[in-house]
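Structure first, then comments.
Labels run A, B and C following the written order; every chain starts at residue 1.
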Amino acid sequence: MAVLRTESLERRFGGLVAVHDLTFELAENEILGIIGPNGAGKTTAINVISGLYMPTTGRIFLGEDEITYAPPHVRCHMGIGRTFQLVHPLVDLTARENIMVGALFGRNQRLRQARKTAEEIAAKLDLEGIDRSVSDLTVLEIKKLEIGRALASNPKVLFLDEVMAGLNSDETKAALDAVRRIRDQGVAICVVEHVMSVIRDLTDRVVVLDGGTIIAEGPYSKVSADPRVIAAYLGEEE
Amino acid sequence: MRLLRRLRRGQVLLLLVSLGVLVLMMLWKPYALIEGLQRGGLYALIALPMALILGVVGIINLAHGEFMMLGAYFAYWLGVYTGLDPLVAMIPALVAFALLGAATYLLTIRRALKAPELNQLLLTFGVAMVGAEFANLMWTSQPLKPHLSYVYSSMTLGKLRFGAYAFVYTVSAIVLLVLLSLFLRRTRLGRAALAVGQNPRGAKLVGIDINRTYLAIFSLSIALVGAIGAMFLTRNSVFPSAGSPYTMKSFCLIALAGIGNLPSVVWGGFGLGIAEALVLSFRGYGGWADVVFFAVLVAVILGRSYRRQTA
Amino acid sequence: MRIARYVPYLVGAAVAATFPLFSGAYLEQVAGATLIYLTLALSWDMLLRSGQLGFGTAGFFGLGSYAAVLLFLNVGVQPFVSIIFGGIVAGVVALLLGLAVLRLRGMYFAITTLALAGIFAVVLRNFPSLTGGAEGKMLPSCIFSGDTANVYWLILVVAVMTIVISEVFERTRIHVALTSIRNDERVAKSSGVNVFKYLVFVFAVTSAIQGIAGGVYAHVFGFVSPEGSFSANFLLLPLAMALLGGIHSTWGPVIGALVLGALSEYLKLQIPYGHLLVYGAIIVVVILFLPQGLSGAARAWRGRSHAARGAR
């Protein structure tokens, strides 16, 4: 059974249809890529699935449970984790406390447990000096923080929204390894990316969004050769 | 206004409901209707300048009522020293309060523009307290009011005999609405203000001087509020805390109408006035009139948050 | 070295606890009033830590006053019980109001709470047989028969209790929850924080504290009235104190309260009318030029001198 499934998801903003007829599945231990030109609705789709927006129509299932109208914090408890495209570290908390938010409230741990969980997750992501204030962190460290906070809530499904942007080749390689390690621990991952080499090397399957709906689906090799996808936008190979 | 097109259907409904209420009141409690339109006129009048700065440039000014109160004091003392009628004093009030508004903006608000909304609220709250305490310091808390004979003029319509002067508020509200709408749509500054309100960065890109626009609109709003204070004085006494209920009722109307929607503010004002007058018309329940706006505000918040939940 | 850190707190606590032993009635009164305002300032800040600006301190203060007095007069319980009751009433009203209003934040919440003092006053005035209408109600006697030392200790207990609750808010998971909500609600929500529940909870608790302060005040002065119990002083001073001392902390509002409490006595003698203008001006000046307050400025200055020392 798929760990995440959507059925004809639609989200309107007044007259604008941001996402429509969105139907796809995410299997356990799968890494799914979501690509598409700017404005295709990728982040909106994540917002709807993670609960920041309610769908106008359609349904969402996490395993056997329907989560279509569940509030975002409940979806987090049930196993949905996500990062944000424009990184939003919580500036008045230390780096450790940032990660602890996920552990305390997504996983409902005690304070001492959460402190340790934050340490463990930071170690896994090669993040050091976590008792520093957020303003002292580099951009790369803040990205790791974002992922760490999402991981801390022990998700079954993790959405990574354009985390590879702005990384050099070494950092990208390390990031790919980290994502694969997360997958190996039993988390299904959905990666939204513009960097095509990442999609090519990382994902098992790709879904292409354009104008709010899926125009192609399949392994990267098949999708990247699809004339409709090429027509929708010219992906950049790095 | 861009909302005008979408409101067509809603506007027709509103018009029918208003007509229904009007007819009902005329038959059942005509004096309450008259009183309501007069009160409501003042509410609508004073809410419009707040709707202007909130809706158009997004500045929330908790000192709104205090500026009206100061305008009333201005008109009072001008009358004492020069014998000028408050209604005539509206003109010097416009000038004086435009300057006061500009000074307030330049000294305080401009620095808080980029800060979170909380800072604006606290800042204008501080300004409101300074204004009210200044009035207390200068003129104590004793209510003051000039004696004007024309405010007691009455009119007879059929079986009804009522005070006619207060309709000046009702008429002024409508006149101000028309003038502001024309200003926003037909003048350069007005259109610049609309542009800045919708998209400050975009407006800057097309060459609009944002700071000057904010300054001008804020000063205009305070100038209007000061002049309205003079008009307020003709029928009401002024004392330091006279203004704050009007800040809150104005906000209630704007919340009801929707930010950016000036015509509905006027409708809402009349509605609130009529609702209060209706409550006042029942013997023994008069004390509850001042709670009406709060009930409306909470209802609006409940309604809006419910819509947001299912959105 | 660890003990050295606690010395100022211990000294402060010792001074506070033994204060009446070396001061007269006048100073005890001033200290008592200062501690009441400290309680209000601190409880206001506790709500602010969640990102919500509430202007309801005077409203819940007055509500607690009336609830305490009315229970005391009509049911004849111990004053302490009626004070707790005042807190409970304020807390419950805040809970219900919060459930209705806290789904919209920002200026909607701020202005709704701003209206509360006036609304509560009007509602209470409309039941004159119960509440004495515009005249209010007088108690047959003040608590402790007006013994200022005992009054001081009672208020001190309430202030200390508030400080303890504030520290609980700062040192437990509540701190992480509230700060995450304040910094970025979307992130907090997506990380599992039940934002609405926390906001309503904080609103109810802080309003209850304000109600208790009101109950104490009513028993100390022996009367309630729409004008007096809901006075804007109970909003203006706490805000000025918390802002001046430094928001988002326990000790900021405490420092602000101590400084302004002392200052207000001086001001009252110098400018009998309208000395409250100073507090409004303080709010404006702090927002514009010193947003972190005195404690924030001290922290920054200490940080800078540490860095300089380190560089050497």
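Everything that follows uses one rule, which is that a residue touches a chain if its C-beta (ideal position, glycine included) is under 8 Å from a C-beta of that chain, and two chains touch if they have at least 3 such contacts.
Remember, predicted model here, so these are calculated numbers, not experimental data.
Trainee: Quick check: more C-beta contact pairs in A-C or B-C?
Mentor: Pair with the higher count of C-beta contacts: B-C.
Trainee: Using CA atom means as chain centres, which chain is nearest the centre of all the protein shown?
Mentor: C
Trainee: Just give me the whole-number Å value for how far the CA centre of chain A lies from that of chain B.
Mentor: Each chain reduced to its C-alpha mean, chain A and chain B end up 47 Å apart.
Trainee: If you average the CA atoms of chain A and of chain C, how many Å lie between those two points?
Mentor: That gives a centre separation of 43 Å.
Trainee: What is the distance, in whole Å, between the centres of chain B and chain C, each centre taken as the mean of its C-alpha atoms?
Mentor: Chain centres of chain B and chain C, defined by C-alpha means, are spaced 32 Å apart.
Trainee: Can you tell me which residues of chain C touch two or more of the remaining chains?
Mentor: Nothing qualifies.
Trainee: Two or more other chains touching the same residue: where does that happen in chain B?
Mentor: Within chain B, the residues that touch at least two other chains are 309.
Trainee: So in the complex, which bits of chain C are touching chain A?
Mentor: 172-173, 176-177, 179-180, 182-184, 186-195, 248
Trainee: Can you tell me which positions in chain A touch chain C when the two form their complex?
Mentor: Residues in contact with chain C: 50-52, 71-73, 76-77, 81-82, 84, 88, 90-93, 97, 100-102, 104-108, 111, 114, 149-150, 152-153.
Trainee: With touch defined as at the start, can you tell me which chain C residues reach chain B in the complex?
Mentor: Interface residues on the chain C side: 51, 53, 55, 97, 100-101, 103-104, 106-108, 110-112, 114-115, 118-119, 122-123, 125-126, 232, 236, 239, 243, 271, 273-274, 276-277, 279-284, 287-288, 291.
Trainee: What residues of chain B sit close enough to touch chain C in their complex?
Mentor: 60, 62, 108, 111-112, 117-119, 121-123, 125-134, 136-138, 140, 241, 244-245, 247-248, 251, 255, 287-288, 290-291, 293-294, 297-298, 301-302, 304-305, 308-309
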